[in-house]
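Shared between the two complexes below is chain A, which pairs with chain B and chain C, respectively.
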Partner chain A sequence: MKVLVAVKQVAALDEDFAIRADGKDVEADFLVRDLNEWDEYSLEEAVKIREATAAAPVEVVAVCAGPEDADEALRKCLAKGADRAVRVWDEAVGGSDAIAIARLIAAVARREKPDLIFAGAQSADHAFAATGIAVAALLEWPHAAVITHLAFTPGAASAVVRRELEGGVLHEMQIDCPAVLTIQLGINTPRYASLRSIKQAAAKPIEVLTPAELGVGPDAVGEDGSLSRVRRMYVPSVKRAQMIEGNVAEQAARLAELIRERTGGAA
Partner chain B sequence: MSGILIIAEHRRGELRPVTLELVSAAQAVRRTPQERVAVAVLASDPERFIPGVSVAGVDEIITVKTAAGEFDPDVLEAAVAALIAERRPALVLVPHSIDSFGYAAALAARGGYGFATDVFQLAYDGEVLIATRGGYGQKVNVELDFPGRAVIVLALRASVFKPPEGRASPAVSSFAAPAARSRTRSREFIEAPASDDVDMTSAEFILAIGRGIGEQANVERFRELAAAAGAVLGCSRPIADAGWLPKSRQIGQSGKTASACRLYVAMGISGAIQHLAGMKHVSTIVAVNSDAAASIFSIATYGIVADIFEIADALRGHFAK
Partner chain C sequence: MSDAQAVTRVLFEDFAPAAITAFYLIAAAAIAVFGFGVYVGVRKYRRGTAAALEGGLLARFGTMIGTVLSHRTVAYRDRAAGAAHRLIFYGFVLLFIGTSTITLDYDILGPLFGAHFWYGTFYLWFSLVLDVAGVALAAGLLYMMYRRGWLRPPKLDYARPDRQPGDADYDRSGYRREDWAFLWTLLLIVATGYLLEAARLVWLAARPDVWDYRWWSPAGALIALGLRAAGMSAVAGGALRMGLWWFHGLLALVFIALIPFTKVKHILTALGSLMLRDPLAAQRLPKVPAEQPRAGVQYISDFSWKQLLALDACTKCGRCHEACPARAVGAPLSPRDVILSLREFANRTLESAQLPAQAELEVHGKGPGQIAMETLWSCRTCMACVEVCPVAIEHVPVIVQLRRKLVEDGAMDPQLQGTLQTLHKNGNSFGEGRRKRAAWTKALPFAVKDARKEPVDVLWFVGDYASFDPRNQKVSQGLATLLHQAGVDFGILYEGESNAGNDVRRVGEEGLYEVLAAANIKSLSAARFTSIVTTDPHSYNTIRNEYPDFGGSYPIEHYTTLLLRLLQQGRLKIARPLGLRTTFHDPCHLGRFNQGYEAPREILRLLGCELIEMRRCRANSFCCGAGGGRIWMPDPVGADRPAHNRMREAAEIPGLQVYVVSCPKDLTMFEDALKATGNEGRFVVRELIELVREALGHEAAAPVAGIAA
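On to the complex of A and B.
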């Protein structure tokens, strides 16, 4: 039994940042990278299946499409319980949208032949919420998105999942396996990596593959393989709150005044 | 390629209001007044939704009878793909919703359609459709185009486009959905348990806490502050996921909407788009955050950049013990 966990090295912006000269992205120097928060939950869900299965071994494989610095995200996965890590990249992958990335994840899945694939319901940076379900489409696998409960026994022909709908209502479905599930925050409580496991992860190999080695041509990734293309990225002129300045006592006094004004309370 | 096809969304027998917002978006983006706007209703009993989508701006309603009563991604994908093949619309609009998360990317990946999600602005520049969405946690805007794609599928953000006000009597036609191999079976809907006696939707003054409170032990002082100030204590997702407050206190897309709220004080909440969906309409929002770049300051009425614990302590002194 094998679970493939698709992960992303996401980027957050520094407090100050600059748009690249071509106007299509932020200068890489201003990006702070980390493992996508949603992926911590999908990795944990895979590790939980392994830990709950005594009968047969379960292998958890983390896969990421990204440049060399994405190894950091994969090391985090290894430290938190992934057995192996695979990274796919070459220069042609740059500029890929979620669908082009999905082609690479699907190609790894064809090679790894997992029984289940997990992906984050969305990424913290661009939040397309598309990669996992596109992987399923490319593999022609059943799929379900935004899952907060999973009941699955390795070897079973189906699983029971609950989708988290708007307003917090859950929709329980039975889904045929193998399947791709996109995992929502809160499905479990991701563990912290111990110092020892972080050290061990640093020594583990990360398998690096090129699209070509997976049989994915250059026209299937990058801009050519994407269903959208970035024309321009810019900082929107947003309305900004009226800032309450001063020291803490002055700020709190103004807030107390606002509360009294708006609630008519006599505090 | 011309015409705009809208896929109506419904759940448990009710049309979801975002469907009508898509009609306004379609009206606004049309290249010519002759470009037709069709709304497809895919359901086991599509006729029941005809009155609901008979609004100004809809030229045609297409009923598609499907085998699935509730959401089934395989049935939806097959039926929408067949509709696209038959009608060849230039643009297909779906809501950016939990249901579309479940099938739209599959539809686009298999059909090779142009595709973008969480779009909040769309316009043609000549013949080129430009869709705008957020990036890097909504700190930047990203304009996308779709070179070489004859059909473009966009998932539009809710509560951006105002639903049309007038009624209309569009032509109704039906479309035979192809048989689809369904690989999921709907079992039941489960309401969030009412583990708490509070009703966030009726609270007029909410003090909400987020990740900034750091640890569970700190919940109590904010609970006490809220009580002293006369506020109902709410929270953002991480607090509920951690079990520090019940899910019934969570404000946001997958929690409660602060429907009756007139004053919302957000402490240590950065302002993820999912949280904003539940409170950005509130007339007075005060955000307290130590990060001057937090997104919440872009929707707040008033902002305080400070340590939330220091503000909480100082604020406590203004209310009777």
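On to the complex of A and C.
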């Protein structure tokens, strides 16, 4: 019994960031990297399945398509209970869109033959919410998205999942395994990975594979293998909010003045 | 006075040889029981882990003897109990030495060399000294009975905040019975000793070498006069003497036999604990060796033998219970009960002949003797318990080592968990970008040097709260202005500074602490400076006391000593003395942790402020409640808080105008508490830096004027 958890090392913007010279991304210096928040939940869900059953051994494998610094995200997964970690990368992968990344994850899945694949419902940085579903399409497996509850017994032929729909309606469905599930925030409470456990996880090996080793050709990844490409990344010029300074009386006066300006003196 | 050999007490006078043999057998049995008890105790301690001890044993022994003889720690903040204990201690010690002297004369020197010295002048002085010692012992015991029976200080009621009525180990009446049994037994031994002495005098009144010297035993002689006046004959005296002799002797032997099994054992364990004292127990927490499989304490046997010994030293005096800010606001923590719980647990598990299975040694939980996580997370690591403990129990490292295990398990408040993750990611607890750390300097009319890029004289380690909290940023700008004005060559590390890690370490997240400390040490080692100054007492503590363990030793001071020098040297000139009525709150990490009591007070004096001390000040200062990572955890809704408790204390000062703090977290905690306790408008909370600026005539300072005097 095996659960494959697809994870991503996402980037968060630092204060006062700058756009890269080619205009297609933020300068790497201004990015703070971390494991995608949704992936914390999907990993926790996988580890919980393993912990719930002592009888049937469950293996949790974290997989990530990313450069070397993504090892940090994988180490966090190992610290939180993943049994193994696999990272896929070579230079050609840069510039891949979500579908191209999904080809790599699907290739790993063909090798690992998991019973379930978990992915975060979306990534915190690019928010395509596409990778997991694309993996299901490539593997021709059933999938369910934005899962808020999962009932699954290792070895069972199907799982029961719940999804939240608009208006507070719950959608409960049965899905045949193997399947791909994309996990929503709040499905569980991810455990804390202490720095000590992260350091100890550093001793566990991370298997590094190239697309070629997985049988994915150079034309299937990177910008060449992607049907969508980033044109530019920019901050639109907008009027910013303005703080009214001064004591309460001054602030009130200034506010009244502003309202008068905007309403043409009618107020 | 006579040197006649006849002036002595004939031992076993009129005893049949069989009776003497029986007595020796019983005595040997008592000593054997005592010895077995000591063995069980030592075996228990040896089941703990190794303890790192610094310094020579001889020096430690000397310090311990000094502490015990002076009773410094016993009399600390409880002079009456200290005086009574001193009487008991010296009375007991003299009586013990006296009995040993007789043994030396009668059982060792006599049989071996035929030599005796226990007669004549020596004997008479001996009698007098021991008579006085007995009176002292009895007086001390009677006061302790009065204290327990009539004064009934709350710290001795053994009420547990960490258990509910009905819990298996809620009931502490066994301790209370033991306390009384101890006092009564000792008192009975003393009383029968005097009666025995008197009965012997009545019995031997006809012998001049006894009766003529009776006043060398004044207490016994007085009672003997009473007995004779009541009509007791010599024969009746003899009979009474024989009966009392056995009663007194057997009671004393039972007492000796029971020493290792009762609270009396503190006469041994307290000596050990005092000798093993680490003067920086709370200031410098133990490292986790890289090869250690588990961080922190999970099983009772994970404690060091020193800690297991210290558990046995506790006398339940309740001073830590009384001093604890968490306990004061009704949190489920009493340092005393942590120690007693662990002791009960250790006694139940580690005293058995066979070490129980590991699962039974787990100390975390809600079972008897176990420590609940709510208890551990209530601790502010303010060190009040460690500081006041008369027998050198080090509660803070015990609690932090237990917390380390909770952190490994992720058993913590979600808000704290989030903060730790933020600290790992951003290097600060505010979740702000690293680059924003020095944003507060932008409002200054001058540039603050980047100590990473150019040498500075003074490197200012700003700390998280002073860097990111908007209210504290104003104070930081104030200090920068003062240093600039005084011509101090100073700089900061900009984004090279991370949270110093003091509170992270006290939370128990040792791995994250190591990361933060290593990052700061890297930045500090690359910078060129003469000394460090910090606005944050927490950073001050860890850089001063803990960074050396990680390879970073730097001269560091809190800003109060630097400002005091600048004022004394005239580099900052006071334009208008403030004439305010103030009180000063000692931050735990500046005061109790690092003895920085004087500089802030001296600055207040130079500023022309009147300083009214609060009831709890200096080493007895009351924590604001933010320490030990509590600032990152929500307080229970509706419950009292240490800061509120403190504000009410300050509000008792008539005409108080300014509550002065010198710690960024204190400013945050107490400005909130001022409002919450309804004292807003009555007095204000100010950073000392703000008062200095006001006295210097700075316009930007928030003036205290207008507060009702």
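Note that in this section the second predicted complex is superposed on the first by the 236 of 267 C-alpha atoms of A that agree within 3 Å, B and C clash if a C-alpha of one lies under 4 Å from a C-alpha of the other, contacts with A are read in each partner's own complex, and residues count from 1 in each chain.
Going forward, a contact is a pair of C-beta atoms (placed from the backbone, for glycine too) under 8 Å apart; a residue touches a chain by one contact, two chains touch by 3 or more.
If you're wondering where the values come from, they're calculated on a predicted model, not measured in any experiment.
In the superposition on chain A, contact of A:15 is made with both chain B and chain C. Judged by the touch definition given at the top, the superposed model places A:77 against neither chain B nor chain C.
Of the two partner chains, chain C is the only one touched by A:195; chain B is not. Looking at the superposition, the partner that touches the larger set of chain A residues, chain B or chain C, turns out to be B.
With both structures placed on the common chain, the touch criterion links A:137 to chain B but leaves chain C unconnected. Touch criterion met: A:32 reaches chain C, while chain B stays clear of it. With both structures placed on the common chain, the touch criterion links A:216 to neither chain B nor chain C. In the superposed model, A:255 lies in contact with chain B only, and not with chain C. Shared contact residues of chain A with chain B and chain C: 12, 15, 189. Interface of chain A with chain C (complex): residues 12, 14-16, 32, 34, 189, 191-199.
Residues 11-13, 15, 19, 26, 97-99, 102, 121-122, 124-134, 136-138, 142-146, 160, 162-176, 179, 182, 184-186, 189, 227-236, 238-244, 248-249, 251-253, 255-256, 258-259, 262-263, 265, 267 of chain A touch chain B in their complex. Chain contact summary for the complex, chain B toward chain A: residues 11, 70-71, 73-74, 77, 97-98, 101-110, 112-118, 130-131, 134-137, 139-147, 149, 183-192, 204-205, 229-231, 237-238, 240-242, 247, 250, 253-257, 262-263, 265, 273, 284-288, 291-293, 297-307, 310-311, 314-315, 317-320. Interface residues of chain C, counted against chain A in their complex, comprise 288, 295, 407-408, 410, 412, 414, 417, 420-421, 424-426, 432-436, 439, 509-512, 514-515.
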